[in-house]
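To start, the structure under review is shown below, and the notes come after it.
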Amino acid sequence: MDSKKYQPVIGLEVHVELKTKSKMFCGCSADYFGQKPNTHTCPVCLGLPGALPVPNKKAIEWCVMIGMALNCEIPLFSKFDRKNYFYPDLAKGYQISQYDQPFCLKGSIKLSNGKTIGITRVHMEEDTAKLIHQFGTQNSKLKTQNDEGYSLIDFNRSGVPLVEIVTEPNFETAEEVKEYLRKLHQLVRALGVSNADMEKGDMRLEPNISLKREGQIDLPSYKVEVKNINSFNFVGKAIEFEIKRQAEILDKGEKPTQETRGFNEAKNSTVSQRSKEEAHDYRYFPEPDIPPFRWNQEYLDKLRASMPKLTEEKQQELINKYNINPVSAATIVYNPDLYRTFASTASIGQEAFGTAYEVTANMLINKKLPYIEVSSEELAKNIANLTKVSNIDDNKLEKIIDEVILENEKAVEDYKNGKETVIMFLIGLVMKKAQQKLDAQMVKEKIIQKLK
Amino acid sequence: MNLNTLTITQAKEGLKEKKFSSVELTKACLERIKNVEPKINAFVTVSEKEAIEQADKADKLASQGETLQDKPLLGIPFSVKDNFCTKGMRTTASSKVLDDFIPPYDATVVAKLKEAGMVILGKTNLDAWAHGSSTETSDYGTTKNPWNIKHLPGGSSGGAAASIAADEAIAAIGSETAGSIRQPSDWCGVVGLKPTYGRVSRYGVVAMASSLDSPGPITKRVEDAALILNILAGKDTYDATTSPKPVDDYLATIKNNIQGIKIGIADEYFDDITEQVRKKVLEAIKVIEKMGVKIIKIKLFPPKYTIAVYTILQRAEVSSNLARYDGIRFGNDRSFFADEAKRRIMLGTYALSAGYYDQYYNKAQKVRTVIVNDFNKAFKEVDVILAPTNPWTALPLGASKDNPMYGEMADALVEPSSIAGLPGINVPCGLSNIGLPVGFQLIGPQFSESLILNIAYQYEQTTQWHKLKPKL
Amino acid sequence: MKINVFHVAKLANLPLTEEEKKKFEKQLAETLDYVAQLEEIDTKGVEPTSQVTGLENVTREDVAKPSFSQEEALSNTKSKHNGFFKVKAILEV
C-alpha cells in the first residue's frame, strides 16, 4: 500500500457549546454539567405541548463574534429554520437550527504553514438531550439480543446554545487539523464565549475524510464522517487510521462507502455506524415561531468593537509597542494577570526609572517579583531598584555592544532604514549580555555612535 | 332566573350588587351542563369540584373588597377549549394521544384569565388537534349543535361555541387557525372574535399551524368579547411572535357612532353560498347601511385559491408541530393518532420533503404574499370588509366523514383573512328557514379590533338576534 | 399524483397498517390534485411571507430562571428510572 499516491481531503465540523447563563430558547440554566437529571427543564426545552422558543440575545451576539473572529461575512439578513427528524434525545422532533441563511458565512483562518483554511459557515443551533445507554443491569455493551436493554434520557442539556463551525475540505494532514483545533480552542476562550472543555463535551469534533489521487482536481465522490472523538489527540489518530483504511480500499480498486463511523479509543480505530447514503430528509423550513433577523452596519460595527482582543492580536501589539521578543510577548499574553499589569508597569518603569521594557518583561516573567495585587507604580519601583544602573568597564561595554550589533543584523538594518525604536531593543540586549542594569541613555549614545 | 343565561356584563352587575354569589352562578352553569351534556357533548372534562372551589375563593375575595376593577372577571365561569394548557387540569386537544396529559403549566391566556378572576368550568371539545371544521373528528365523540342536535356545531372550537349557545358557560375561550372561532360561532349563533395574529399569546396553546393560530373569545355579546380581549391582548415574553403594539381599550370605543365608515363588499365572497345565507347577510347589510355607513363594492382575490394555500401551509406546519408526540415524556405514542391527524401529518411531511419544497410550501408562502397585498390594496379603499362567515349553515352530523378536504372547502371565506393574519368577528344575523343560525363576518386590517368590535356592537344592539336561544 | 405512502409514513414516524396505506394513498392523492391549483397563480418576482407580523430581531436577555423540579418534569411520563426518562434501548456503538 502506497498512501503517497493519494492526497487526503479533510474537512472539519466543530460544535462549541456557549457558556451563556440560560439556554438558547428558554430561561433554564445552561449550566447542566454534573447536575441531577431533568432538573433544568421547562415546557420549552422539554418539548411540551404549546411551548414556544424565544432566542437568547447573548448567544446570538457570541455566535456572530465567533464568525467575525474567523473573518466571516455577516449577512444583514438571517433566520432560524427547523431541522425535522426523530430521535428520543430531540424533544420537539425537530431541532431549531439555521439552514440557508445562517449568521456567518465564508470566513478563513491561516495556519502556521501559510495555508488558509476556508470557513464555510458559522451558525447557531440548540443542543439535544443526553442519552445514557445501559444494557441489562450493568453499564456494559449489549451482550446478546435477548438482553433487556434500555436507554435513559436527561433533558438538562436539551436547548443549550451550540455554535457549529464548518470548514471547507482544505486540510491535508492530521497536524493541520490539530493546529486548527488548538487555534479555535484559544479563540473561543479568548472571546470568553465558551470554556471549550473537551472532557465536558463543550467542544465536539467531526472530521470528514476522503482521499483523492495525486493530481486529481475534483473532490472525491464520497466522504466519511467520524464521530465520537473526545480529544485533539484522538482526532489525529482517527484521521491517520481513516487515511490508511481508505487507501487500502482504493488500492483494491474499490470505493470506500459514504458513511458515518465512530471512533474507538481503545483500538485507535474507526468503526462503521450507519450509512450516510440513507441521508436524512430534514425537510428544512423557516422557523415560524421566531421572527427573522436584520442587522445594520452600525450594530455590527458596535459588536465588533466590543469583542475582546484575540491572542495573536495582543501578542503583536506588545511586540510592536514595546519591542520585546515574541516569546516574552506570548508568555505575557497567556497569563491574564501578567497581561493586565505589564503595559502600565513597563511604561512607568521606562518613564520614571529608565528601565528598559525588555527588562521589565524579564523581571515579571521570571517571577522575580509578585505582580498580583501590586500596583504598577510599586512594581516599577521595585524593578528599578533591583536593576539599578551599575557601572561597567568601558572596554567590556564596547565589546558587548559590538557583539550585539554583529548578532542582530536585521535589527541594525531596520535602524539604519529609519526604524528608530529598534535602538531600545538593542539597548535591552546589551544590558542582558552585560547582566546588569546600565544607564540606558549612555548605552544608547554609544550604540548610535557605533552605527554611524 | 336562570343565572347561567347571563352575559358577562349582566353577571358582573349581579355579583357587584350581591344579587347572587359566584358559587350560585357557577352552580347554575354546572347544573345546566349536567342537564344538557348528554345531548350536546360540548365538554371533554368538567371540573366541578375545582370550579366551585374557585368560585368560593372569588366570593371571599369580593367580600374582602377586591373590586371588579382589579379583577374584571372575578367569579365569572368560563369554558376553555381543550387545546389550552391548564395547569393541573387534564388537557387532551381531543386526542387519545393526550388522554392522560396533565400540563405542569398554564397557557398565557389561561394565566391572564385566572389573574382576572375567571372560574374554569371545564375543557371544551374540539376536532382532534384542531384539525377540522366540524368537531366530528374529536376522539371523544362529536359535539351537537344546540339549535338542532342532528346537526354539527362547526369546528374546531365546536365545544366552545356550543357551550355558549346552550348557556352552559357565561363565556368561552377558543382558538382559530382558519375559521375555528368564526365558523362554529356562526353555526351556533354566537359572537366569535379572531384577533390579529400576534395580538394574543399562543404560549401554551397546543400548536396547530404556528404562523396562523390565534386564541380568542366566544361570547354571547360583542361587549363581552371586547372585555375579554382587553385582558388577553398584548406582548408576551414567552411568545416571540406577539406584537409590542400598545393595546387599545376595546370597550372604550365600542359604542362609537359608525357613520361614514367605509364597508367593502366583494362579490367573490358571495359566489358559492346558499340562498339562506345570502338572504340573511344581505338583510344585515341593509340594516347597517341605515346606520350611515358607506357600502363600497370591491374586488378581492377569489377565496377558492386560498384553499390550496392554506391546505399546504397548515399541513406542513402541523406535520412538524406534531413531531413531539412520541409518548416518551408525556402522553401516548403515535399509534394513538386518529385518521385525520395521520392524513395531515403525511401530507405536510410530503409537501416539505426533498424535491417538493419549492413546488408546495415555498409556492404557498409566495401566494400568501399575493393575498396580503390584495387585502392591503382593498383597505386603501375601505375601512373593513363584510362577508358571510360560512357558505352554508350547520351541516348534518356525518357530513365531514372521510372527506379529506371537507374543512378547507367549508372555510373558504375565512381562510384568506387568516392567511393574512387579519382580525375577524362573527356576528349572528338571523335564522335559516329551518331554524339554523346565520352570521356575517367583519374583517379589518391588522390591529383594527376596535373598529370591527364597534361596528359589530352597533349592529347587534340594533337587532334582536342576540336574544334568541335554542330550545334544548 | 401518487405519493409513496410508506416512505412518507416512515419519514413522519407514523405506524401504518396495509389497510391504512391503501386508504390514505387515495385520500392524499385527492388532496394533492386539489392543491395543484396553486400553479395557476402567478408569483413571478414575489417573495415568500413567513412572518405576517413583520416583526424582526425578537430576543430575550440571557438571564437564568427557575426550572421545573425533577418531579414536575417527569410527572407525565409512563416510563422513568432514577430521575431519567426511560426508553427501549437505542443501539449506538
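Going by the order they are written in, the chains are A, B and C; count residues from 1 in each one.
Rule of thumb we're sticking to: a contact is a pair of C-beta atoms (placed from the backbone, for glycine too) under 8 Å apart; a residue touches a chain by one contact, two chains touch by 3 or more.
The model shown is predicted, which means the values in this text are computed figures rather than measured ones.
Most remote chain with respect to chain B, judged by CA-atom centres, is A.
The most centrally placed chain, judged by C-alpha centroids, is C.
Annotation: A-C is the more contact-rich of the chain pairs A-B and A-C, by number of C-beta pairs in contact. With centres taken as mean Cα positions, chain C sits 24 Å from chain B. Here the CA centre of chain A is 53 Å from the CA centre of chain B. Rounded to whole angstrom, the centroid-to-centroid distance between chain A and chain C, based on C-alpha atoms, equals 36 Å. Residue positions of chain B touching 2 or more other chains: 101, 104, 211, 237, 240-241, 319, 323, 326, 328-330, 349, 353.
Chain contacts: chain C has residues 11, 13, 50-51, 53, 55, 58, 60, 68, 73, 85, 87 touching two or more partner chains. Among the residues of chain A, those touching two or more other chains are numbered 42, 46, 54-55, 86, 88, 93, 153, 155, 281, 283, 288, 290-291. By the touch rule above, chain C contacts chain B in their complex via residues 3, 5, 8-9, 11-16, 20, 23-24, 27-28, 30-32, 34-41, 43, 46-53, 55, 58, 60, 68, 72-73, 75-79, 85, 87.
Partner chain C is touched in their complex by these residues of chain B: 100-102, 104, 197-198, 211, 237, 240-241, 243, 304-305, 307-309, 311-312, 319, 323, 326-331, 334-335, 337, 339, 342-343, 345-347, 349-350, 353, 360, 362-370, 372, 402, 404-405, 419-421, 446.
The residues of chain B lying in touch with chain A in their complex are 83-85, 91, 93, 98, 101, 103-105, 107, 202-207, 210-211, 237-241, 316-317, 319-320, 322-326, 328-330, 349, 352-354, 357, 361.
Chain contact summary for the complex, chain A toward chain C: residues 20-22, 27-31, 36-42, 46, 54-60, 79, 86, 88, 93, 131-133, 135, 142, 149-155, 262, 264, 271, 273, 281, 283, 286, 288, 290-294.
Across the complex, chain C meets chain A through its residues 11, 13, 50-51, 53, 55-65, 67-70, 73-74, 81-93.
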